[in-house]
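Common to both upcoming complexes is chain A, partnered first by chain B, then by chain C.
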Partner chain A sequence: MDFGFIIQSLPLYWKAAQLTLTISVWAIGLSLLLGFFCSLILYFQVPVLSLIVKIYIEISRNTPSLIQLFFLYYGLTQIGLKLEAELCAVAGLTFLGGSYMAEAFRSGLEAVGKTQIESGLSIGLSRSQLVRYVIFPQAFSVSMPALEANAIFLIKETSIVSAVALPDLMFIAKDLIGMYYSTKEALTLLVLFYLILLLPVSLLLTALERKVRYGQFGN
Partner chain B sequence: MKKTGRILAAVLAVVLALGTLAGCSQKSAQQSSLETIKKNGKIKVGVFSDKPPFGYVDAQGKNQGFDVYIAKRFAKDLLGDESKVEFVLVEAASRVEYLQSGKVDLIMANFTVTDERKEKVDFANPYMKVALGIVSPDGSQITDVSQLKGKKLIVNKGTTAETYFTKNYPDIELLKYDQNTEAFQALKDGRGAALAHDNTLLFAWARENSGYTVGVSSLGEQDTIAPAVKKGDKELLDWVNNELTALEKEKFIHEAYDAALKPAYGDSVSADDVVIEGGKIQ
Partner chain C sequence: MEQDILLEINQLHKNYDDRTVLNGVNLKVHKGEVVVILGPSGCGKSTLLRCINGLEPIQSGDISLDGQSISAAGTDWHLVRQKIGMVFQSYDLFPHMTILENILLGPLKVQKRSQEEATRQAEALLERIGLLDRKDAFPRQLSGGQKQRVAIVRALCMNPEVMLFDEVTAALDPEMVREVLDVMLGLAKQGMTMVIVTHEMGFAKAVADKVVFIDEGKIVEESDAELFFTDPKTDRAKQFLNIFNFNEEKG
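Then we have the complex of A and B:
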């Protein structure tokens, strides 16, 4: 191990980690939003839209994310649409994450018992009250673990954006290997930085889960 | 929080152990390489898949190109048949690792000799000359490096072009890609103002792609390209050097030039600007 080299490369990795994090935050936020709306469309069986959502989910979940990214970056330019690499990365990961988030939300929504809804209706709750006070709180608590897993999945999935010349963690590691051939140091730093990034997120999400699911865990 | 601390400690321990393991695996491969190659009846050679006319895969899925042409001859003279070569496709940035980890015996992926690389692998004598060049669209041609200030320059990761610009022009913003095909596609999509690479490659590419010109045809020092073996593999190194000397008599590298490079260059380049016979610059 060349520790001088490691210390020298730390700033590069730090900068790359920030990019990885920025892309992750955008991608997770937007996929939550997209997934949420898609799940509502599926749950309330909105005509036409729910068919579109179903097709979207199948396409998104059954094509590799790297290929989705390549399509956005290299494919769209063929029809004259040139998107910046950052935009491609966020759009690509949102496209991927949205479907996973939608399925996570949907499983939560469907887990809310029929009796709950009927009881709500019988005491005269309006449809929107029913959604706000009965369905969502319970659905969200059930979806929580799956949403967390998806968030972490998306952070890890950002490692593909180096393919479109974005200097994220993976990119820096490969670049250092290519230029200075210090494979050991570059790869060890790569693993460490992903851990530094993901461990706190993981712990934070677990804490959040306990809070959201106090019904199960107790206060 | 006590539990969290313990988990963190365990994870760190595992990472450190992995790092140490990776460090250990380097010493093991000093046995006779030539004998192993002969026993296996094949030599594994790392070549490019996307750097025509030097190393590429043709429509039939066969490896073709200048480097491949020479590698096949090596196999014929070493093992008696040119089909006894197994081509392994490499990326520019992974060439050293392929040798170090023993995935290939020989790298013939248009590998420019540099001091940094010499520390990690052993180069045989050269068979080709090369310098850097810059290709750009005709409309906004780059004819001097100074024109690149404030613009994006496309390079391929792990190439001499990347190292050269990182060292000498740190203020030019580089867009770095893993594959040649991606880098050239990015140039065509207008993601950078120009692309820097080996001039020998750019001449061929610009001839194929109208609308692009090699505005800067020679940059930096004149370098050489040579086969590379794993550090310390003296047997194979000596064999390759002797082979190159032997091939000089029949001007074999010129033959390879005529077969693989001439169709791509036409008369725009003279063979002696590129070819090195017998492993020595005349």
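Then we have the complex of A and C:
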């Protein structure tokens, strides 16, 4: 193991980690937003839109994420639509994550029992109050573990953006291996950096989960 | 007496698709009266309560509260339900809220009362059922009986004009039934108007002013409580009451 090489490469990895993180944050945020609206459309059975959402979810979940990204980056160019690589990466990961988040939210919403809704109505809550004070908080507690798993999944899934020439962690590692044949060092650093990114996120989310779910589920 | 009528139901019909559940029910509930509804399973007792509270749409007939129709199209259920407290078999406290938050949700968000005043009332009510020290607990930390008492308080804290109880002890262990029934007896003594669906015959006898016996979606017999249990008029009611007597003993 060439430690000199490792130390020299650290700034490169650090910079790449920042890109990975930036793409992750955008992708997770937008996926949550997209997923949330899709789940509402499904839950309230909005005509027409719910059919569109169902089709979207099936396409998103049953095609490889790499292909989705290629489609956005190379496919759209064919019809004269050229998107920035960063934009493609975020859009591609959001397209992927949105469906998973939608299903996570939906399972939470559907877990709120009919009797809870009746009990809320019987104390005079309006529809919107019912959604806000009774349905959402309970649905969110139920969805939380799935949402977290999806967030972690999306961070890991960012490694595909190297395929559209974005200098993320995966890209840097492949680059170093290609240029210097330093496979051991490059891959070790790669694993380490993903761990450095993911472990704190994991721990943070677990703590958040405990806090959010305490009332309903205890410890 | 007529002007004392709080709740009046006229010719209520309710179907689920082509199955008739309530077939022309007439009922008057006076202010301060405790009406117990009895009847075999599936006779429409619970459905009747749910229609009064607007949880089930009705096909025809009229329900009025305080002389005002609440079954007409365009009824503002948001307002009406504040006057009708309802307690369910499965308690249905909100699991993500503490006991106090459960009780205060309606008074604060629906009635827009002040935090201070509503809290004072909620705590007084909790004190009365002996659960004030559990106000910051979550529902999952309470026993079934305790949860059901809190559910009663949650409805009471809205200061309703009438309380509906839908088999509120049916899901409870026998030992916990009593504590819930005692709370209801206390309410009856204070003059609360109550409509109670129950299978607890002893309790029905103790609490009821009037007994309404429903079978197959119709009121078969309606009479003074004392009279109903000692001298039922209809064969159907006699037959029903007999179920609860064990005349034969183990040889």
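In the analysis below, the second predicted complex is superposed on the first by the 215 of 219 C-alpha atoms of A that agree within 3 Å, B and C clash if a C-alpha of one lies under 4 Å from a C-alpha of the other, contacts with A are read in each partner's own complex, and residues count from 1 in each chain.
The definition used in the following text is that a residue touches a chain if its C-beta (ideal position, glycine included) is under 8 Å from a C-beta of that chain, and two chains touch if they have at least 3 such contacts.
What you see is a predicted model, and the numbers here were worked out from it, not measured in a lab.
Enquirer: Quick check for you: in the superposed arrangement, does A:Q18 touch first (chain B), second (chain C), both or neither?
Expert: Touch status of A:Q18: no partner.
Enquirer: Once chain A of both complexes is superposed, is A:T183 in touch with chain B (first), chain C (second), both, or neither?
Expert: A:T183 contacts chain B only, not chain C.
Enquirer: Of the partners chain B and chain C, which touch A:Q138 in the superposed model: first, second, both, neither?
Expert: second
Enquirer: In the overlaid three-chain picture, which partner chain does A:L125 touch, first (chain B) or second (chain C), both, or neither?
Expert: After superposition on chain A, A:L125 lies in contact with chain C alone.
Enquirer: So, does A:T63 touch the first partner chain B, the second partner chain C, both, or neither?
Expert: It touches nothing on chain B or chain C.
Enquirer: For A:V191, decide between first (touching chain B), second (touching chain C), both and neither.
Expert: first
Enquirer: Which residues of chain A are in contact with chain B in one complex and with chain C in the other?
Expert: Looking at chain A, the two contact sets are disjoint.
Enquirer: In the complex formed with chain A, which residues of chain B make contact?
Expert: 4, 8, 11, 15, 18-19, 22-23, 92-94, 96-97, 100, 116-117, 119-120, 157-159, 162-163, 166, 175-178, 182, 185-186, 189-191
Enquirer: Can you list the chain A residues touching chain C in their complex?
Expert: The contact residues of chain A facing chain C are 113, 115-116, 118-126, 129, 133-134, 137-138, 141, 215-218.
Enquirer: Mind pulling up the chain A residues that touch chain B in the complex?
Expert: 1, 74, 77, 82, 85, 162-163, 165, 167, 171, 174-175, 177-181, 183-184, 187-188, 191-192, 195, 199, 203
Enquirer: In the complex of these two chains, what residues of chain C are touching chain A?
Expert: Within the complex, chain C contacts chain A at residues 53-55, 77-79, 81-82, 84-86, 88, 90, 92-98, 105-106, 109-111, 138, 140-141, 151, 154-155, 158.
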